[in-house]
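Worksheet: one structure, shown below.
Order of writing sets the chain letters: A, B, C and D. Residues in each chain are counted from 1.
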Amino acid sequence: MAPPQNVPKMTYRFLGRSGLQVSSISLGGWLTYGGYAEQEKTFACMKAAYDCGINFFDCAEVYAEGKSEEVMGEAIRKYGWKRNDIVISTKLYWGHAFGENRINNVGLSRKHVVEGMNQSLKRLGLEYVDLIYAHRPDRQTPMEETVRAFNHLIDSGKALYWGTSEWNADEIASAWRHADRLGLIGPVMEQPAYNMLEREKVEREFAHLYREVGLGLTVFSPMRQGILTGKYKDGVPDDSRFAQQQVEFIAGYWKRTGKEKWNAVIKQVNELIPIADELGIKMSTLALAWVLKNPNVSSAITGASSPEQVYENVLAIDAVDKLTPEIMDRIDLILGNKPPAIVARF
Amino acid sequence: MAPPQNVPKMTYRFLGRSGLQVSSISLGGWLTYGGYAEQEKTFACMKAAYDCGINFFDCAEVYAEGKSEEVMGEAIRKYGWKRNDIVISTKLYWGHAFGENRINNVGLSRKHVVEGMNQSLKRLGLEYVDLIYAHRPDRQTPMEETVRAFNHLIDSGKALYWGTSEWNADEIASAWRHADRLGLIGPVMEQPAYNMLEREKVEREFAHLYREVGLGLTVFSPMRQGILTGKYKDGVPDDSRFAQQQVEFIAGYWKRTGKEKWNAVIKQVNELIPIADELGIKMSTLALAWVLKNPNVSSAITGASSPEQVYENVLAIDAVDKLTPEIMDRIDLILGNKPPAIVARF
Amino acid sequence: MAPPQNVPKMTYRFLGRSGLQVSSISLGGWLTYGGYAEQEKTFACMKAAYDCGINFFDCAEVYAEGKSEEVMGEAIRKYGWKRNDIVISTKLYWGHAFGENRINNVGLSRKHVVEGMNQSLKRLGLEYVDLIYAHRPDRQTPMEETVRAFNHLIDSGKALYWGTSEWNADEIASAWRHADRLGLIGPVMEQPAYNMLEREKVEREFAHLYREVGLGLTVFSPMRQGILTGKYKDGVPDDSRFAQQQVEFIAGYWKRTGKEKWNAVIKQVNELIPIADELGIKMSTLALAWVLKNPNVSSAITGASSPEQVYENVLAIDAVDKLTPEIMDRIDLILGNKPPAIVARF
Amino acid sequence: MAPPQNVPKMTYRFLGRSGLQVSSISLGGWLTYGGYAEQEKTFACMKAAYDCGINFFDCAEVYAEGKSEEVMGEAIRKYGWKRNDIVISTKLYWGHAFGENRINNVGLSRKHVVEGMNQSLKRLGLEYVDLIYAHRPDRQTPMEETVRAFNHLIDSGKALYWGTSEWNADEIASAWRHADRLGLIGPVMEQPAYNMLEREKVEREFAHLYREVGLGLTVFSPMRQGILTGKYKDGVPDDSRFAQQQVEFIAGYWKRTGKEKWNAVIKQVNELIPIADELGIKMSTLALAWVLKNPNVSSAITGASSPEQVYENVLAIDAVDKLTPEIMDRIDLILGNKPPAIVARF
């Protein structure tokens, strides 16, 4: 089954300052959960994505306690995709965050990086991944050890590029410091959350790194856990996790916020919907296209529970050009969260 | 005139991971503004500071448009202090931020770093300063050029150590990256604001740098422009600068706040005053001692407009030990702004 | 059979400045000697250790002429332990110090390091060890060759970390010199003897290395060949090895000492026993806890000939907190061998 | 006045693995104390030394609180010696260890190394010294800072070679580690005490460094404060400093020893005197020749209070060849302190 005719041609972007090209939209592996039925659905989503030109499939050792990697690997074999046509990633940090004795089965020590990689490859049924991520910073392991360990994966042919996920700017700069000092390879990509509601890291904190180290971004959560699709437009239910959990640094204080905060957000989303209407696209397409508009984004990682959802996500490719400077300004006005430009010299 | 008998013996701390020792309390050069009368007052303050064991005198090319450096240099000659008994700093960035032609008389290009240093030394009447700071990050000059320029100052004998002022953690890490890569000297100290009301940078953002590069801190604004002395305890006047200027990142938005924000702060300060009373010290002493309690602080830079104020500042040395874990907890409870601990591994 | 209820929860420590965590108490492989009966006992001890949370098992090619490695490997397979849950070490130097042709089967030449590693892995039945030690310094092989050879083991995936055993401080510093110069990995841990009666190396000679290179210690002989268990409290028999062998550097002379020396030691141990009694612990527990009290010790390697002995060793974990500064002072007074503090600057 | 005819021709040795040659016997600057009379004597001694072919004159900033350097400089000018015919050293560490405010006027921080050097050159009246020593290790200043600071002296033309005095082997190895890592110059010589009674450092602790870094030695105290001249052959007086001060690490204990210790030493010296008689030389000549017999010694620094003493010291040059292997063995037997050979491989 081919994608519907209205699905646009995929575009590809270089992964930061590397020679690797990834599809602007990619598929994330956390959609896989377990039982047989879901597995079939996962296969269908991956097939739909591949047929749309998506070449980058993202995973992690911790997703579904290793099952994500297994199902993803099975799909690759099932459809007989050529290894050089796809970009496969996984992430190391939490090992299997279960079981009893897990002292060294977590973090970014050489031991876990090496052992975790071997276990991931076994689950994936691959000889190597294209991208390997440090799934969090490990503040107890010396940075040099971590930088060396990820280079060891590349040297031993188990990965082609390494990067980080949810690291701070100074941690990324520090990794490059050790890499440069030792003549090793630095982290070429970072995987942060990025969407209309979470802009600080990507637009402000990482600003120097694009120029300094050529950082590429594979961003997740482009729709902020669904809130940017407009599905909560009548307000956040009392029992939703949005109403329950929220910690913010407000005016110098760390506070637990909740429903009020999110209802304010929904009010904003409701103001964005008319813009989507005006452009003749869905709110979710607007949200995803807005993410792709940022040239520092190499790929936006999306989830999907059906082929139809995959196709719909890909529509955002065509919507990017509709986001004129004027439209972007109107969006910024509604959001009110555009980080101040990095202060220039004067 | 010797310091009063109740003034405690000065303590000294290593400037980060260097072999240089600076007095825990230091004197800042921006106290000097111009006319003759003030100059006499500056001399008196510096003399009082020196007599109290303060060895570190901080300045910048931009303070009073160069006059601060001139008066500081004059005081050193006037009192005949030995060069090796004092630690003199200045800072480069804004050149003389006045006049008409300011194209290259600003920033961290090799041209301004070299020329600015020469002009500062001339104004100071010294052959070298102990500490030279990059007074701001310069996002238009390549980091490598800046790192090389400050190393040139050290190599040519015009400065002994270099550091930064109001840089971000990732900019400092990036400077070290280039320094390490090139076998050059990295910035050993940073000069941020630090006080009970501004804790994020020092306690959270810089956290990795203490271990990674041995960053030392010479902090300014220990009393938050006087607000922590308790002098505004009846509220902020409508025309004060506190009421006028305030930009905060609140719940994801950048907003201008004002009087309300500061009145809330003053309410907190008013809750701290009883703790100072209980310890038998002034509120200002409590605020300064609290800054010194942080072991990552190498020196707290204070201002003074009279010898008496210098002596009073130095009283904080004795108050540090009064800040028991219990007292610190009570202060944190009132402030409500203690940054969450850096997340550990598990 | 689970450990008795009074056995405390194991604690883990980072191995020096690395990201690897080892149990504070570990099990040494030299307990294995040969015949079938002993093998069963070794299995039982290793099982008991694992059940107590001990994750680090120490071995060496020379122990029992290779049999130690074989039995250790067999135990791992027998109990089906996951590779990432355990930390396995071995040591290279003496090859099989027997047989006729021993020219290159010894020392730290690239030839023996590579060949010895391969033979050890074969005996262990493992693909890699976590820790590989240079079992002695080799003063005939250039340090650079040795540093390169151990890095080759890490690069080729046969070991994760390398270290030294019974090296001098300057030899360790020299290894780091070559590692740094070549951008290679330096030795992260040293394995010296350390106990109440042998403190010089750990407390004085290595003092700079903890800060300079982040040296971790896996110490052996925590009970000084049993003498600190109190079992010789009535004196050393004439035919004991203590009475026979002893060379000491006394007052500028190298002298053979003997029974008198050891009887003096036993007198001291007899003065320590009342302290153990007072704390409600055995003398052997006091001796082991005293070793663990030193924060530079990553792991104390113990021997055991029965599961009961393993359990008893682990009791020391709980006793560490009983060693208050006052108790430590009383112990130092009895031992009279506390190395003078490293002279500070003034 | 030319040297007496029996004074042998001076010999020269390379200073470790450098291209600089120093006279085997040199003159130490601590002989200078102050008043006018002594100054004349110093001049006479230096002249006698120069006339004997001694080219190396050793000094330190701390000797006689700077006066040693002044007198030495004056002598050079007085006799019009060519700069390229002499090797002048000084040492930095204690600054002027007097005065009130001495926070940064001591140790091996960049500040003191740079400032101390400038002050020493001013006192010496020289543009540069040949050798600059770090007079002690500074355990509070990062080694990298110290290595860079001494290289700065060389780069700025103020010194030709740098070395250490009374450092441990691992500290010297660590300095080389940083020097090599940074492409800088390491310390080429060490100045320890070395004589028949103090052999550990030179013969054992430094053993690897001769090969590893080509360490040269300029040794002081060849006669152990006169005790090896035989002048105390009837015992140590109760009020001598030998009787008062002595701390030794004996059989695992740090103990204060005293008169007994020294009387035992004198007994040994009294056994050595017949050997000197047999060789037809004075005991003091034997002691100095014995020091020169060690090929790792580049120069033995001697003191003198008269030209005659200089001449007598130089006699040791001729005595070196009289120390046959048999004689050396007999001396070792009496001394009983020959360090065990560094254990070889088997």
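Observations, loosely collected:
What we mean here is this: a contact is a pair of C-beta atoms (placed from the backbone, for glycine too) under 8 Å apart; a residue touches a chain by one contact, two chains touch by 3 or more.
For clarity, every value in this text was computed on a predicted model and none was experimentally measured.
Interface residue usage between subunit B and subunit D, two copies of one sequence, is largely distinct: under half of the residue numbers at the contact are used by both copies.
Should one ask which of A-B and A-C has more C-beta pairs in contact, the pair is A-B. Inter-chain centre distance (subunit B to subunit C, centres taken as mean C-alpha positions): 48 Å. Inter-chain spacing, taken between the CA centroids of subunit A and subunit C, is 45 Å. Separation between the centroids of subunit A and subunit B, computed from CA atoms only, is 40 Å.
Shown for subunit B are the residues that touch two or more other chains, of which there are none. Chain contacts in this assembly form a single closed ring in which each chain touches exactly two others.
Contacts between chains, counted with the stated touch criterion, involve the pairs A-B, A-C, B-D, C-D. Within the complex, the subunit C residues that touch subunit A are 12, 14, 17-21, 23, 53, 55, 82-85, 87, 130, 154-155, 157, 160-161, 183, 185, 214. Residues 95, 101-105, 107-112, 114-116, 119, 138, 140-142, 145-146, 148, 152, 155-156, 181-183 of subunit A are the ones that touch subunit C when the two sit in their complex. Touching subunit C in their complex are the following residues of subunit D: 106-107, 138-140, 143, 168-174, 176-178, 180-181, 197-198, 200, 205, 208-209, 212, 248-254, 257, 261, 264, 336-340, 342-346.
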